[in-house]
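Both of the next two complexes hold chain A, though its partner changes from chain B to chain C.
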Partner chain A sequence: MATNNVLSIGEIREAGVCVVTLAGRIDSTNANDVMNRLKSLIAAGEKSIVVDLGGVIYLTSAAFRALLVATDEAERTAAKFALCGLTGHVRELFEMGGLLELFTIHASRQEAVVQGGGK
Partner chain B sequence: MTSEVAALLIVDDNEDNRYTLTRRLNREGYTNLTTAANGREALSRLTTQTFDLVLLDIMMPDMNGYEVLENVKANPALRDIPIIMISALNELDSVIRCIELGAEDYLTKPFNATLLRARVGASLDKKRLRDEVRRNLRRLEEELDAARVLQLGMLPRQFPVWSPSRPVAVHAVMRPAREVGGDLYDCFYTGDRTFCFLVGDVSGKGAPAAMFMARTRSLVRIAVDLWREWRSDEIDPAALIEMVNRELCQNNDDRMFITLFLGLIDTATGVLSFVNAGHPAPHLLCANGETRQIEAKPAVPLGIRRFARFAGRTLTIQPGDALFVCSDGVFEALNEHGDLFSMERLTGVLRAAHDAGPDELVRIVNDAVDAFTGAAPAADDITALALRWQPADSVTEHSRPGGRCMIRSIDIPIRNEISQLATVRDALDRIGDELRIPTPALMQLQVAADEIVSNVIKYAWPDGVDAEFLVRITIRPRTVTLEIIDDGAAFDPRTAPEPPPADQRPRPGGIGIHMIRKLVDDFAYQRIDGRNHTTLTKNRMAGAAQKQE
Partner chain C sequence: MSKPATTRKPANIVYGLEDTPPILVTVMNGLQHVGVLTINLVYPLLVFRALNLPIELVTSLISAGVLVLGLATFLQAFRLGPVGSGFMCPSTFSATFFAASLLAAKTGGLPLVFGMTIFAGVLEAVVAPFLNRLRAIFPPEISGLVIFMIGLTGGIAGLRLIFGSGAAPMRPEEWIVGALTIGTMVALNVWGKGAASMFCALIGLVVGYIASGVTGLIDSHMIAAVAVTPWVGMPAIDFHRTFDLALAAPFAIASLATSMKAAGTITICQKMNDADWVRPDMKSITAGVLADGASTILAGIVGAVGTNTSTPSVGLAAATGVGSRKVAFVVAAIFILMGFLPKLPALLGLAPRPVVVAALLFTVSFIMINGLQIMTSRLLDARRTVIIALSTIAGMAVEVFPSIAASASPGLRPVVGSSLVLATVLALALNLLFRIGIKKTATFSIADAVPDPDKIGAFFQTQGAKWGARPDVIKRASYGTIQLIDAVAEGVWHEGPIVIAASFDEFNLDVRVSYNGGQLLFPDERPSLEQIRGSENGAQLLAGFMLRRNADRVRSEGAEGQSRVLFHYVH
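And now, the complex of A and B:
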């Protein structure tokens, strides 16, 4: 496994939905960056957010915390918030943490965008 | 109890008699007086107030003196109150009957001032003495109970949990024949790979034996600690015991002594070095079922000869072997017919149970002794300690012919800064490359390492001081173990609460710890010498999602 600590956070708009793409490793050294980015989007009035984890090769519970905090924030502002792109090891880690039920998760980004980040 | 505070109850149906007695007793200084005009009233007074003495007339209508007396003596709460019977001169037979029923003394009417003073005074004196004896007995019982709790508290009842870095499973029980006992056991790790255990038996029983036992236990612990602190060589059990013996011989005018077996196991090699000061030789229960007492000819017990020399011996045990040490109370237990449980019977019980876990082994032996002795009271304290050396790889390694495995460790010092996480992850990456650990297994171990290391960095030093701790990675043929050793606040991560339900925001630490349980095959914790030792062990060959539940 390559030692790649770089986390990249991208942001694009697809059919009125704000898609945040995460790639690389997420752990306690950089999970706050993810959380702050999501919080500021929600604070700015974003009502439909999809987080695409397709490029994530590694994550720890710090990432889960960031995503859980963002979910709470979104609920508070009645914004839609969903995840997609959970594959392989990343999906397993969600399963191990018993977290699959805590998020709205879509099989693909396409489906997520169609649903507008909601269910 | 002075005359002023002594509470007296006067029971007489005759108002003149009550008046006369009250006046005379007042004159003698008794002011706390209550009167009752019949037996029923007397009994109801007795159940609602506390009295030190009752003056009771025999002949009364409705309920007479006998009936009152019988009622009082039949009531455990009242039976200790002394009763002086009041009778007419011609009622001697009745008086004798009352004395037989438990009355303290008697007075005849008309009252004689001197006799009244003497008998009331004597009865109250006796009552006071009896109360004091009872109070002292209760105090002694309470003290003995406290001593028992204290003594049992001195012996470890939480045993070191087996883990790859602490590969000895151990259990022990001491059962005193009286409130406190003179047997002792102890077991603890000292240093990185030495497990120390001992069983002792003080001559005699009861409080003096208990004190000598406590003294011995503390001396051994202190001697081991001081050795570690001041000497760089390995602990020599014989030299250690000589120090303890010299100290026990000091101010030992009562000539108490203790037999003691002390053993030290090198947990990496299985070398047992021991010294036997007059104690029964332990049993070795081999993994292959062979069960025998080890060669451990007893030397002189401790506390007898100040300059006694003790010979240390060694024995190499095999992975999976167990040792059983007990006090003579086990095999010298007697049944109702006076038969001994015997060493032969003990060996038989151990042989039959040779592959049981240490706690099971101790229970089986205790049950066998209890079944043998039946209703016969325990004559001696009974102590049993069992341990099994089970190095992490022994399950596969010792069965492989000539298979001595390569075990190596890498120590990584880490500062308590979150940026240090990558250091551990990179080290695991290199190990994973070298050993070709499958990616899922490696990543799961890395995530688990991240969780535990970041937990230590964030929470072990709550006041934010700069600190350093150690991550030790140990590679074995089938496993990789991560041991985190830190001197931060004592914290067993396994006790962290489960993550909260979905509708609540998760607490810090909760999810991470929960995940560690799922990510690794063994998750252990111990607090040793002021340090947290947290170990995560991962099966190297675990494939994707191959974690066994």
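And now, the complex of A and C:
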């Protein structure tokens, strides 16, 4: 069980969009890993990023902060940055934090890629 | 966690509460409900007939009663301030008040019937705001049991009209009419599609009336009696009202049973309209029971017997998939109109025995199953099994052995004389008894410098399974604890072990997290975007805000470097 919950960060390119897949739990112990990975992608000039949270079990506030910091970084460099794969408990946590409106969120990865990570 | 503003409609519901069905569907459904609801006119009718009142007065009283049903249905759906649940939950005369009303009629005539009805309504309205606090005494298995027993005893009362002592033997044409009526309803409900399935009860009633006409159960003499009834008339409401303390007990029990039944019916409405229904929403239940009590007060004032939300009607809505509030307004309008048209109540009063019994048996099937569903909506542990089983057996014993009521002392007769009341009272008593030793506590200590969330999750999962706690509540408690410890570990000074103590008593889950260190803040407002992004302190504030919303209640205490956070979850 423990191994399934460990955070894994994947990265693939779909139709010119950089899709970052996150799986496992994201908390204060690994939120910086997520933030640094996203920051480095933006710093490297990535203009369309989609973060797929489909495999995430839960996120704590530290993870939300990491995603919000990355959103800010993307805005500064005029990069498109969106989330997808928010289902079940993960979506409830976004609602609980009143955070849904702070992100660009797509219903599916396919839709997010078509939009190129934008709205 | 806060409830979503909009609820998801279950797949079997064609037109939900807020939907507007086509006008024909709305009117036809309204008529169908009126058809089902008017069956219960038999209760005031039997009370008034027991007093040998002149037929004109009985018709006038029934008209007044019909008017009350219209106003009550409207009040329940419309929501007047804190009164009314807003659901399509029509009112009808209740079998629960029947025995007490009959006793009052024989003791003090109509003035006592109406006076005691007002008393019962006031009592129900007084109890309504406290239902939330009485959750431990009225858990779902008891409200489910009450609904189940109402369905069962309703069916038995119907069969008593056929097989009971004093009932005239059924003639062959009565069997044919009865079989045709219930056969049509069942066949259309099971195999019918679209409108045929939706209007199965109404079509069945029409078939029953036609068959009654063909076989002579409704003859020209009876039709002539209806013909002489005027088309328009005012209901009679000019009576004195009296009160008798000796009858307070049976009316109080009936009032308690009706408030529980109303709570159960509103629960069915909630469930029927929300695919993600988890637990009863006490706010709409309280408002619904208040409206139910107000309707019974109105009944006493206008001149009728006690009313109650109609479970068969809600069952019918579930069966047809039409639960729109607009249908309730149509039902209310038809009843109010009927109150001033005495010919229609007179015509409805013609319904022969097999038609009434067939319709009753069809509708109570849905009540019983709804009761069963509510009873089994929670894990049936040893306590609940005994409560449900023994109370059902006790209730059935009253039906099977009339000697129980006959040999009881007059003081006990209101309780043991009614299967519904006895089953309810016994279930309530057993439930109170079984509350003893129900609270269970478990503790878990984290000594590691970096807490392992998997261990915390496993602790809650193990305890939740052991206690029979609902998985969704356990998940919230587990996440709350993990989030708290994560926030403390990251941004708040702390040292030494963190101790988690969880206690569960079936209606409450309380989690206490204690540690040596600083306190986390729990703001009511979400920190701003700048605050969250600006520093790690923003993540702590966000954690506190989320934790406040995750639990039903949060309390934070701190003294001499020792901090304690208490999360309360309603189960």
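The rule we apply is simple: the second predicted complex is superposed on the first by the 114 of 119 C-alpha atoms of A that agree within 3 Å, B and C clash if a C-alpha of one lies under 4 Å from a C-alpha of the other, contacts with A are read in each partner's own complex, and residues count from 1 in each chain.
Rule of thumb we're sticking to: contacts are C-beta pairs under 8 Å (C-beta built on N, C-alpha and C of every residue); 3 or more make two chains touch, one makes a residue touch a chain.
Keep in mind it's a predicted model, so treat the numbers as computed, not measured.
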item	value
First, second, both or neither for A:Gly45, with chain B first and chain C second	neither
First (chain B), second (chain C), both or neither touched by A:Tyr58	both
Partner chain(s) touched by A:His89 [first = chain B, second = chain C, both, neither]	both
Touched partner set for A:Thr29, first chain B, second chain C, both or neither	both
Chain B versus chain C as contact partner of A:Glu101, first or second or both or neither	first
Shared contact residues on chain A - chain B and chain C	1, 5, 27-29, 58, 60-62, 64-65, 68-69, 72, 89, 92-93, 96-99, 102
Contact footprint of chain B on chain A as seen in their complex	1, 3, 5, 27-29, 58-62, 64-65, 68-69, 72, 88-89, 92-93, 96-99, 101-102
Chain A to chain C touching residues, read off their complex	1-2, 5, 25, 27-29, 58, 60-62, 64-65, 68-69, 72, 89, 92-93, 95-99, 102
Footprint of chain A on chain C - complex, ascending	1-2, 4, 450, 452-454, 458, 475, 479, 482-483, 486-487, 489-491, 526, 529, 532-533, 536, 538-540, 542-543, 545-546, 549-550
Footprint of chain A on chain B - complex, ascending	418-419, 421-422, 425-426, 429, 432, 439-440, 442-443, 446-447, 450-451, 454, 458, 499, 502, 505-506, 508, 511-512, 514-515, 518-519, 544-545
